[in-house]
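So, here come the structures, one by one.
Shared between the two complexes below is chain A, which has chain B as its partner in the first and chain C in the second.
Coming up: the complex of A and B.
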């Protein structure tokens, strides 16, 4: 029971990341009809916004270390700590959450620039062309990151307060269900972002127009609404969602320039399982596949079917594509 | 873009002869561009073959597969196993690789071709990633996992044993006594490449190839005329899978190892890049693309700041420094950046790749494009007859 609960929890935070990336992917596909292979790179870009913010915050200078008295010792101290003492140290400690605020405008700008600068010209081309050009762009973005940050993964720390673990089991009378705080926060964060996106699409006039455009772009255009402009903003929104997923994922997985490609494949499978263009499907499939993946990595399961943890997502995606091509929740 | 060109068998023969000569004197023109060493020339030939085969699927039918590296990987593994179990002779290894990758492609193709467009791409991607992950984990007894598969001195090698061929310390593939490394290895690959190119040309000119192009241009119409396209697509898929397996076997021939990293999906992406960069659906394009990318990978990646400095040395110092700063992110370890940018430029401005670019330039200067010329020749002939 404890083990099962732990696996569900383990699956949920990974599922949260899958769901967030897949949500953006399917949003772009549903509105613009574009298959965006750059989406994984946007996730990675978000993670590197967090890395850069931390770098900027910890710009330091050498300060005399007064605890050592025998000789003149110097240590690197960030300017923030020199100026503001403990407040500065706290700001550095909270660099990942702070990155969220900075990532939003950056990712929005990147997304809009991408759509206006490149994707726009590919609406009328085949899906294969869209896949290829965005694949090329993903390589370019990855290489730019590699040139600036190196090829090694750069670990990021969660704020001190939430870097420990929480004993969830104690609350519901089970033993040994200990779970890192940050993963709980990631889950809550992804749920609130998903909720935010759905609220935006269903409760605002802008969202209503976008949904109408997803159903019938031509009619919305004929009604005198500039649907293209709105879809551009939707693309920016998808970039923000992917970027935020990346920012918050940094304490869980140290980012490197290649992480986008890994997540891209998985989140494409998530989109396919959920049903291309179905937002709810993408979210549900994201969590579902995340949980299934962590279940399949249990030793008990691996003993029955060896290697299942490596391929479960692919197997499910293949089965869905072959037997139910519109996905679990897709409409015909 | 015109895929099916009208051509005569005489012209085809000429093309084949010219092509063979170009390939066989590769060590000569290779040395002019700094690529005159066997390792790189072997890669030109092997990846050229891979791309030629991939082009039969993607170029002719328009089905974008993101999983062909899996067949390459299978080909490599099978070849190395043939080296381990039977003989170091390259021919059985190649035969086994083609057969096994063909069977593998038949199974995967049968399943994947039930879907079209992006769903087909994702299916092939999923199958390839699955093979990659399995090769790393559960299939370790066969693939030797992360370490990769090697040929050892005390492998059984039944046939070699029966013929009384002694096992060397570091066994190398051979062809009836000729060790296939260095230039011998290159010439072996070159001959296989010429054969592969000849077969691809035959397919381009055949009614089969014509049907594949017809599927690409309008699949629905082909269906409505009562044409069952599936066997043709499957055949194209299997043929291109066999080419990939053959390329994988050649990789194992020139260097008897195999590893799972050859199967990862970005490796499949590379062959897509090669095909598009050179010219999708053209006979020579994939070869040009493969050679370009392998050339960049080996030559561009070796350029560093010091070397750049000597190139721009004739300029004033400040200008030299500026140029080095501008150029250096694009060479050396950043060559992928150049590749990505070039690829995007090609996708945006020149979807037909370098071949289309060459044709455009030619049309500009000679006022008549190549295809038109052939057409008019054909018309003249028809008129004469």
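Coming up: the complex of A and C.
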């Protein structure tokens, strides 16, 4: 029972990340009709906003280690700690949450610049062209990050107060159901962002116009509404969602330049399984595949079907697409 | 004219005609067929010799590959008599003269392994066939090393392995043309065992998470032998896909497994991620069976340790070499590398630099680049002053035998590079095994062009 509960939590947590990325992908595909392979790179860029903020906050006074003469080695103390003591240390400790605030305008600007500067020229081109150009852009972004930050992962810590684990089992009378605070926060964060995006699309006039545009772009345009401008903003919004997912994921997975690619393929699978263009489908499929992946890696399951944990997502995708070629929530 | 003399004349005439025909045939044949008959692959003809450095320049191990390449460039510089000479000042015995190798200036070609066996073989093949490399060196993965070693055997060039830790490289997959200076998983296990016993006791239960490829299997087998040998139980050994990213689904079962030690048979990015996540799940704060829960990482790398940040502190593992060593060889290398690049070398850089010098020295000893001569010079070669104490290239398996370092993540680093404390330098005698222990056949020398 404990093991099952833990795997459900693992699946929800993993599914949250898949769903967030897939949500942005679906938004872009649904509005602009663009298959955006840069989306994983936006997730990674968000993570590196967190890395950059931490680097800025920890700009340090360097005291040279005189015992080392062959090269320069330093003991570093951040200026924030020197100037403001515990308050400075607390600011550094909270660098990941602080990064969320900073990432919003940065990712919005990146998204809009990307759409205006490159993507818009490919609206009327084949999907294959769109895939090639966005995949190429993802590689360029990755290489720029590698050139500036190196190829190794760069660890980011969650704030001290939430860096440990919570004994969930104690509350429900089970032993050994311990789960990290930050993963619980990530799950809650994912649900909030997903809820926020849905509320934005369903409860605002802007969202209503966007949904109408997704349904019938031409008619909305004929009504005198500048749908293109709104879709540009939607692209920026999708970039913000991906970026925030990346920022929040840094304490779970130390970021490197390739982390976006690791998530991209799975997220596309999530979109296809959920149904291309279906926002609800993307979210549902994200959580579904996350949970299935977690369960398939249980020893009891792997003893029956060895290696199932490595192929389960693809098997499920094949099975669903066989019976529902347009995905779980896709419209015929 | 007698019959006898007539016969002799006829034979001589026939012999003369045969010889002339043979000479004409040889003269008419393309030059490559002539050289095939007389020389070995890529025999240097001009005033220079080319070495091929095959390292990961892209992918997850690109930083480690970049450090390997820095070391190779430094080695080439020193071999050509430039710079401060580095380990050529401390290596004993040494036949190098600082005038290249056998008087030929050392040049090099580079390849990108991408840490993929097929890409690594393709780049090695290109360096052998197009660039004329007489030796290939490098790599940051055992899968890659084994694949390239096999290619070099077939191609008839020497392979001086870079960072490869699986037993198989000099065990079941060893080759006559392959040589490894780096240590292996059995040595890690043998070195770690006594330290684990003295630090954590004899009554422990270990849970293994293992990268699902040749190195992971080798590491798991070696460390299990060691821990079970000191009386520990093994709760479970679970294979994890290479590059899994999120290991939460593999870590949560550890919580209720009854294990009080987690052994992470992971390297690089997998190690950084699994260790970070294991700490987040509170494993290091747990108390199981009345004992503090412990995590062990059998193979440490300083470059990778940076990625794990605070989580590496206090954790035990092994390493082939560390820049903080105080022997003359290590100091000479750190000084030379530090002056050139402004930071200390990694263990990967060290092993690659040493391998290049060892190859060059063997050519000088043999008086030829012919792989058969070089192999004979390397087999059983004993040397010192290269940072690992007295070392021997064992003739039977082409594995270097030397002391092994047991290290621990530094709790209180004095600088950004001071991540590992050397806990113990375990002597060669404690990590050595019999020549037949790991199986495999070297095969024979291949110097046919």
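Going forward, the second predicted complex is superposed on the first by the 318 of 332 C-alpha atoms of A that agree within 3 Å, B and C clash if a C-alpha of one lies under 4 Å from a C-alpha of the other, contacts with A are read in each partner's own complex, and residues count from 1 in each chain.
One rule holds in what follows: a residue touches a chain if its C-beta (ideal position, glycine included) is under 8 Å from a C-beta of that chain, and two chains touch if they have at least 3 such contacts.
Since the structure is predicted, the reported quantities are computational estimates derived from the model, not experimental observations.
Undergrad: Label the relationship between chain B and chain C on chain A in the superposed model as either fit or clash.
TA: clash
Undergrad: Just chain B (first), just chain C (second), both, or neither: which does A:70 touch?
TA: second
Undergrad: For A:3, decide between first (touching chain B), second (touching chain C), both and neither.
TA: second
Undergrad: Where does A:206 make contact in the superposed view: on chain B (first), on chain C (second), on both, or on neither?
TA: neither
Undergrad: Between chain B and chain C, whom does A:84 touch in the aligned arrangement: first, second, both, or neither?
TA: Neither partner.
Undergrad: What is the contact status of A:310 with respect to chain B (first) and chain C (second): first, second, both, or neither?
TA: So A:310 meets both chain B and chain C here.
Undergrad: More residues of chain A in touch with chain C or with chain B?
TA: Here the partner covering more residues of chain A is C.
Undergrad: In the superposed arrangement, does A:35 touch chain B (first), chain C (second), both or neither?
TA: The first partner, chain B, only.
Undergrad: Once chain A of both complexes is superposed, is A:256 in touch with chain B (first), chain C (second), both, or neither?
TA: second
Undergrad: Of the two partner chains, chain B (first) and chain C (second), which one does A:147 touch, if any: first, second, both, or neither?
TA: First partner only, chain B.
Undergrad: For A:178 in the superposed arrangement: first (chain B), second (chain C), both or neither?
TA: After superposition on chain A, A:178 lies in contact with chain C alone.
Undergrad: Pick from 75-83, 165-173, 219-227 or 345-353: which stretch of chain B gets in the way of chain C?
TA: Clashes with chain C appear only in stretch 165-173.
Undergrad: Per the definitions at the top, what is the overlap between the chain A residues touching chain B and those touching chain C?
TA: Common to the two interfaces on chain A: residues 146, 310.
Undergrad: Looking at the complex, which residues from chain B come into contact with chain A?
TA: Interface residues on the chain B side: 62, 64, 111, 114-115, 117-119, 121-123, 125-127, 129-130, 133-134, 136-139, 265-266, 269, 272-273, 276, 329, 333-334, 336-337, 339-341, 343-344, 347-348, 351.
Undergrad: Mind pulling up the chain A residues that touch chain B in the complex?
TA: 35, 118, 121, 126-129, 131-133, 135-137, 139-140, 142-144, 146-147, 261, 265, 268-269, 272, 276, 306-307, 310-311, 314-315, 317-318, 321-322, 325
Undergrad: Could you pull out which chain A residues touch chain C in their complex?
TA: 2-3, 6-7, 9-11, 13-14, 65, 67-68, 70-76, 146, 150-155, 157-158, 163-165, 175-176, 178-180, 182-183, 251-254, 256, 258-259, 262, 293-294, 297-299, 302, 309-310
Undergrad: Within the complex, which stretch of chain C touches chain A?
TA: Interface residues on the chain C side: 59-63, 66, 236, 238, 241, 243, 245-246, 248-250, 252-253, 255-256, 269, 272-273, 276-277, 280-282, 285, 303-304, 306-311, 331, 334-335, 337-339, 341-344, 414-418.
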